[in-house]
């Protein structure tokens, strides 16, 4: 499918990978995940090369995954290390593809491209995702039936918030604010700020709960950062106008998107906050977020996906509005990166493949 | 899809179009319907031209439809008249397609072709659908998973009635009667009449209920009229042989079919009668009709559609029987009209389109 | 679809064909089965040649099948013999395809190829399926969502038994035994035998129940026979080592597979035994078999099918192991037979078809 390969995607929350095999499609590749007794996560192509049974139908035995059909076992490098049948012959070439993984920020990250280039230092920094007694995290997972690029659009785009999420984020001044785009290294920020008479419903309630009534105008900000390939993080908050943002209340959020297929995505979200660090608000934020993501964003994005199908975005001649400045910048950047990776892959392919070499299908 | 465009189709019963947006596919086009505060019905392409959200996910605000995603508003001509974001810029070219409508006989009619040619006087006359204290109507709607042409076949064809609907219309003399075809302007009639010892079960019951036992032979008739594109109306009834039809009891029916997709249709039906004008018979006729349409016709037509798929009718070499005279005449007429409209569209297209002009996709 | 045609397949268990029409797809052909008053089974193409209604929606009248739509009747040779409408005209050419059938071993067998070549003596011999007071049969039917060739693989292959069915057939010595291939006429045997300290769980239990504890080592055997096109039969059992197999306890089984579509199969199974001839064990064997077939084989084969889709088996470069000797021999034999039948069909087609002759579609 059309997605970057030589990049890190989130494959799962750490707690999702255990000694019980779990299947997940990433970039349309069926992958089985499991964890060894020592806690090392493993990711293998989910197809036994013998008779094509799905490996996730098997079980983990001695840090290997054992196929349910004929009992062949594969270790976490993908090598077949055991055949229970007859004299126990195992062909040397017998192996399945394994994928480089890295565990960070409570998530298992996967590298779908050339294993030699997998470098976990390329995962972006998310300081607020590190353990810190002053910050508290609420996380979740959602499968959304929409292409990952529509999800990026949605998460970078602040303009839709007062409309689609008007029940929690209604704020006339923010609606009329301008969106600014800033580059920070390879990252792209879409930022919006406004002086508001009353902040969006949710922040209004949280402020009153933690600080009481406020006097004087307030700043409200909503900044979204995009990192390749489809990692969005946000700063949102309110503070009295003229005071530093740190004196207000704010959340920092992650919205990590991983393509499942052309028309569906894995969505890993986290809301981090440095105020009201109790379980009651955890529960409330989880409930509100899931409602908002499912009943508003997912609801809309899946309807949109059903409508556009596999039509290319620009070929549909979208109407461009000033508020689209951030999403358009990100779209064009991803377009360029995809074109560059595609060109590189074609070059490698032209250099390397002898004519007529057949390739085994294990997908 | 393969269906006439420069014709009137029924889009909905009037009561189905309200201030709440309603989506319906007509000729495979996704269309959103709503009604203004003044009661004027509106039909727009159901896709926001900004980010392709389905407009029916939005709501009606000040006689416009407001998109759920970013709050853009479109009036009933399809023009974008409001953008809540930033400085409120709205590109001049921002619009969606709107469709000509006409409200008549308790239904909203839609014109899917060239708007300049939409002339509501071309809707056929159905005098018995006009308000009249001597006639009483029972109407309904059904979505049928079959191509509209199999539905026309079914509704024009009297030969299937004593077989498929034998429980209500068993009548040996009608089964053996000959079918006559008559033209009336552009309309085509398929007519059948027989002198019967006892009329079909339903009419037998209705006669006895209204008139008591009958003496002497009776005439029974069942006449179907087809009007372009897929509008069937019927006269059915019984009278003492030799007496005018008006002295008997009769129903006049409408069966209006609108293509939804190649393999599904909207079906709007009405049974009008000039006897036993009470609610009890309304209820009985509605229940019996729905049972008959769902358990007999829909059941069969959907099985037939699943079987033939998208094969062209004549390519399947259907066996032709004398009783098919009406359906074959209508089929050939629709074939000719489709070919003529197709030829005209190709001519317009060849005359008008400059080479290489891209067309925006908003479907 | 890619399957042999001039061969006998099992269409149904005899008890499944009655006076009520039953539809079944065989080699992707929709076929309606019924039985005449004299008990003769009939198989017709399930499409009325008049308006393409499915004949199984009709009913059996006077040993004919009557179409639900217009009441045309077809006898078991496929000839249209009655039209209730108008003057009752029936075109001479009006007929549907009929298929040769043969009733044997409690099953109705069907010939999908050239009717002139249908010779029921070509059905393989299954002596244990004949009525015999010393043998008792338990049979069943299952629809499996997998291509018939993966089902043949599964049924010929003994290597998977101790793994996939380890709960009933765990036996380390059998797992380590070698598989031998033997030809018997056109049939292919895959045989395995081992001296075991304890036979597989199921046989261990049955032996103790019928004979008490055993002394000394035992022979355990599992032999699978394949007959064209997709008929597997098995001998499995245990006996004291050195004693004739007849002195032990054994089952003889049939696993008859019939292609439904490229991705689904009909599966007719029988387990025959010559010990413990009571209803209690019938019930137990049926329950255990259905559990094993559904929860283990069907579960795996459908997952496998979903994974491989319509990729050609050898194109996927399967890993070959010594235990595959039987399945590979059968695969190559079926490949050869398919190629031969295909070559013959192309020759007949080239010899016979005048250019441009249209063919009626009644499928």
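As written, the chains take the letters A, B and C, and residue 1 is the first residue of each chain.
The rule we apply is simple: contacts are C-beta pairs under 8 Å (C-beta built on N, C-alpha and C of every residue); 3 or more make two chains touch, one makes a residue touch a chain.
In this text, all values refer to a predicted model and were calculated from it rather than measured experimentally.
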Can you check whether chain B and chain C touch via the same residue numbers (shared by over half) or via different ones?
different
Relative orientation of copies chain A and chain C, as a Cα rotation angle in degrees, nearest 5
120
Per the C-alpha centroid definition, the whole-Å distance linking chain B and chain C comes out as 48
Where chain A touches two or more other chains, by residue
none
Which stretch or stretches of chain B touch chain C in the complex?
153, 159-160, 162-164, 175-179, 299-300, 303-304, 307-308, 311, 315-323
Taking the touch rule as given, give the residues of chain B at its contact with chain A in the complex, in rising order.
30, 47, 49-54, 57, 67-71, 80, 83-89, 91, 93-94, 358, 360-362
